[in-house]
Amino acid sequence: MSVAISIQGVSKDFRIPGSKRRLRAVDNLNLEIDQASIFGLLGPNGSGKSTTIKMALGLIRPSEGRCEILGKSSLEPSARMGIGYLPEAPYFQRFLTGRELLRYFGKLSGLPNSNLQDRVDMLLAKVGLDDAGDRRVGGYSKGMLQRIGLAQAMIGDPEILILDEPTAGVDPIGAADIASIIRELRDEGRTVLLCSHLLSQVETICDRAAIMVKGKLALEGSVDSLTSTSEWSSICIDGLTTEGREKLEALAEEAGFEISTPRRSLEELFLELSKRGGDRK
Amino acid sequence: MSKKSDRLPWSPGRMLVIASNTFREAVRMKLFLAMTGLAICALASSFLFREFNFGSSELKFITDFGFGGMTVFGSALAIIVTAQLFLGEIEHRTAMTLLAKPVYRSEFVLGKFMGVWITVACFIGMLTLCLVLALWMRESSIRLEYPEEFERGQGLVQYGGIVWFSLAQVFRIGILCSLVILFSTYATSSLFAMVMGVLVWIVGQLQHIATEVGQAVESLALKAVYGFAGFVLPNFHLFDVGEGLAMGEALPISVVGKLLIYGVLYSIFYLAVATVSFNRREL
Amino acid sequence: MNSSYSILPFAILLALLLGWTVSPLDRSIGLQLGRRSDVQSLKDIESRFGQGLTMAILGGYRSIAANLIWLSKNQDWEQRDVAGTLGKIALATSIDPRPEMFWLNGARILANDMPTWIVGLANAEQLETTDAGQAIARQYAERALAFLEESRVYQRGNPKIHIEAGMIYWKKLGDVESAAHRFKSAIDTGEAPYFAYRIYGDLLVELGRKREALEMLENHYETLPDGLLEAMKPVVGDRIRLLRMDLQTSN
C-alpha cells in the first residue's frame, strides 16, 4: 500500500519571545500514513499534534526534516490539491449561507462551475444539512458547524482528509453519522488523519493510531496491537453465569493462572503513557 | 476520484473569489455602513451651515464637505476595514482553512487587497454621486435666483473636476490599503496594524515638508535624515489635487495619469513586500 | 509577532530606491499643480507642518471647523476680550488659511478695534492725542501688519492683502512710503481693484513723486472702460489734468 502522508525526521522549534531559547514542539517525528486508511493522532494538550498537522498542511515550515503529501512536499500549494482540512472548532464567515460557503471553498479548490452546484447539493445531503443549506452559517449550532466544516473539507474531492476533533460538540447520533462518513471515505480509498480526544471513538474508527507526548512519538501501530498485551490471552464465553465464572476462577487459580480484564482501553493506555512522559516500558 | 494535475498555476480567478468574498464581508460591516451614513449626513448638513460660510462660495463650501468625507472617512475606512478583514481571518483561523486549500499566499494577500480597495472605492463613488447631486441641486436653485450669472452658458461647478478628485483619492486609498496589509502580515493584533496605518497616513501627508526641509537645511546629517524620511514613504500630499477643481481650476489629464502610475507603483511595492512577509508567517 | 525582521532592511532599502526612482514623478506632479518649494525659515516649516497635519486629519472639514471658530470669536469681540479674540483669530487662520476674509477682518480688528478696547471707548481720542495712546495704536497696527505678513504664504497674489497693509501703514502709522510700496505690490499682482490705482497715485503725490504719479495714472487711464462707475474714469482724468497743470506750473 502506498504512503499518503510521510513525515520524515521532522522537528519544529519555536522562538520564545524575549529569550534566546527555543521551544521544541515536535522532536524528530517519523510517521507514515498509508493510503485508504483511517489514522488516529492522539496526545495530551501541548504534545505537538496541532503543530504536526500544520506542517502536514504546509501552514508552517519544519525546522528539520520533510513532510510529503502523496510524494510532494507539503510546502507546495499543489500538494494541497489533494487535501481537505477540518480545523478544530471551525469558524466561518457568518453572513454566508451553507450553500454559499461550500461554493466559496469549492471555487478555491478548483472545482469548475459546471460541477459545483451538484457537488454542493450532494455534500449538504451527505452531512445532513440539505434543509439548512440556505440558512446563514451565523445561525448554525455547534454540531451544524462541524457538519458544514466536514462538507467544506470534502468539497474538493480530496484524497486525504485531515480532521481535527470532527465530532466535538456533536450529539451521539451526529457523532455516529460522522463516524460512518469517515468509514465510507476510507472505503472509497481515501485517507483520513483524525485527531480526537474522544479515545473511544478513535479506538472504534481508526485502523492505526499514534500517540505523541511532549513532541515525540511515544507509540504507533494498529489499534489492536496498541490495546492488546502479549502476556494476556482472552476467551469470550457467551452466557457465563456468576457460578460458572467462580468455578473458572477457582480452576485458574488452582493451575496458577491469574484472571483479570483481558483488554485495556485506549484511554487507559493513553493516560498511562501521558503520566510516564511517553515511555511505554 | 478526480485526477489532480501536478503543477498548480497561479490563478487570478482564486484571487478574485477571495476579493469578492472580502467585498461582501466588508459592505456588511457596521463600521462601513456607519461611516457611509455619517459622511452623507455631513454632506447634507453643509446645506445648513452654508449660511455661516465666510470667504468662500457656498458651492465650494459644499464641495469641501464632500471632499472632506472622501479623504477623512475614506482613509479611516481603508485603515480599519483592511486591518480587521485581514487579521480577522488569522484571528478566527479562517485563514488556516482557506490556506489549507490549494491557494497561494500571494493570491490571499492580493485578493484581500482587491476586496477592501474596491469596497472603499465604492464608498468614494457613492460620496461622489451624493456630492454631485448636492451641488447640482444648489447650482440649479442659484440659476433660478440669478439667471444672469449663467448667461454665458457656463455652469458654476465643474463636475469633471469632482470626478478627477475622487479618482485621485481612490489611488491614494490603494497605497494606504496596501500599507495596512503589509503591517497586518506580521502584526498579531488588528489594533497595531490600525495604529501603524494612522501614523503612516499622517506622516505621508507631511512627507513633502520633510523633503523641502531637507533641501533647506545646511547640515549634512539633517539633510540625510530628512531625505530618508522624504524617500522612504509615499507622498500623500500629491493627491490633494486642489479643492478648486470643482470650481473650474484646470487639472491636466497628464497629472491624473502620473498619480495613477505613482499609486500603482507604490501599491505594487507594498503588496510585494507584504506577500514575502506573509509567506514567512507561520499560522 | 512572527519573524519577518530579516526582510526589514531589504524592504527599507527597496523603499528608498523606489522613493528615489519616483521622485522625478513627484516633482513633476508638484510643478504641474503649481506647488513650489518655498521653505524660507523655521517659522515657515512650523506653519507648513501645522497645515499638513490639519489637512491630514480634517481634510475638507477644516473649513467648517474654521468657520465655527470664527463665529465663536464674535462673542469674544462683543465682550471686547482681546486675548480671546486674538486666540480665535489665530486658531481659525491656522486651521484654514484659505479664506481671505479671515486675514482682512482679523487685521482690521487688530488695527482698529483692539486699541479702542484697551483705552476704552470713552477715551478713544487718546489714541491720537496722547503719547501713550499713540504707542498703543502703533503697537496694534504693527501686530496687524505682522498678521497680514503671515498670510502671504497662503494668499499669494492676493491684492487685497497688500491693500489692507497699505491702508494700515497710511492711516494708522502715517508711513506713506511703505503704504505706497504696498499699493504698488497690489497693482503688480494684475488684479488690483480700480481704487488701488487712484490711492497709489495720491500717495505718490504726497511723497512728492508727481511725475511718477502722472505716468502711472496716464497708463492706467488707457485701460479704463467707459461707463463703468467703479472705474471712475472721469475722476482719474481730472487727476491727470491737475497733475499736468501742477507739473507745468512747477516747470
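Chains: A, B and C, in written order; residue numbering restarts at 1 for each.
As a working rule, contacts are C-beta pairs under 8 Å (C-beta built on N, C-alpha and C of every residue); 3 or more make two chains touch, one makes a residue touch a chain.
Source: prediction; values computed, not measured.
Among line, ring, star, complete and other, which one matches the pattern of chain touches?
Graph shape here is a line: each chain touches the next, no loop.
Using the touch rule stated at the top, which two chains are linked by the largest number of C-beta contacts?
B-C
Measuring from the mean C-alpha position of subunit A to the mean C-alpha position of subunit B, what distance in angstrom results?
Going by mean C-alpha positions, subunit A sits 46 Å from subunit B.
Between subunit A and subunit C, what is the gap in Å from one C-alpha centre to the other?
For subunit A versus subunit C, the centre distance works out to 79 Å.
Please work out the Cα centroid separation of subunit B and subunit C, and write it as a whole number of Å.
35
Find every residue in subunit B that makes contact with two or more other chains and list them.
Only 282 qualify.
By the touch rule stated above, which residues of subunit C touch at least two different other chains?
3
In subunit A, what residues contact two or more other chains?
Correct list: empty.
Can you list the residues on subunit B that touch subunit A in the complex?
So the residues of subunit B touching subunit A come out as 1-2, 4-8, 13-14, 17-18, 21, 24-25, 28, 92-94, 96-104, 282-283.
Using the touch definition up top, name the residues of subunit A that touch subunit B in the complex.
My answer: residues 54, 57, 59-61, 72, 76-78, 80-85, 87, 90-93, 95-96, 104-105, 107-110, 149, 152, 156-157, 159, 162, 188-190.
Quick one: in the complex, what on subunit B touches subunit C?
42, 46, 49, 52-56, 61, 63-72, 75, 185-188, 201-202, 204-206, 208-209, 211-213, 215-216, 228, 230-238, 240-243, 251-252, 254-255, 258-259, 261-262, 265-266, 269, 273, 276-277, 280-282
Which bits of subunit C are touching subunit B when the two form their complex?
For this pair, the touching residues of subunit C are 1-4, 7, 11-12, 14-16, 18-20, 22-23, 25-26, 28-30, 32-33, 37-40, 45, 48-49, 52-53, 55-64, 67-68, 70-71, 98-102.
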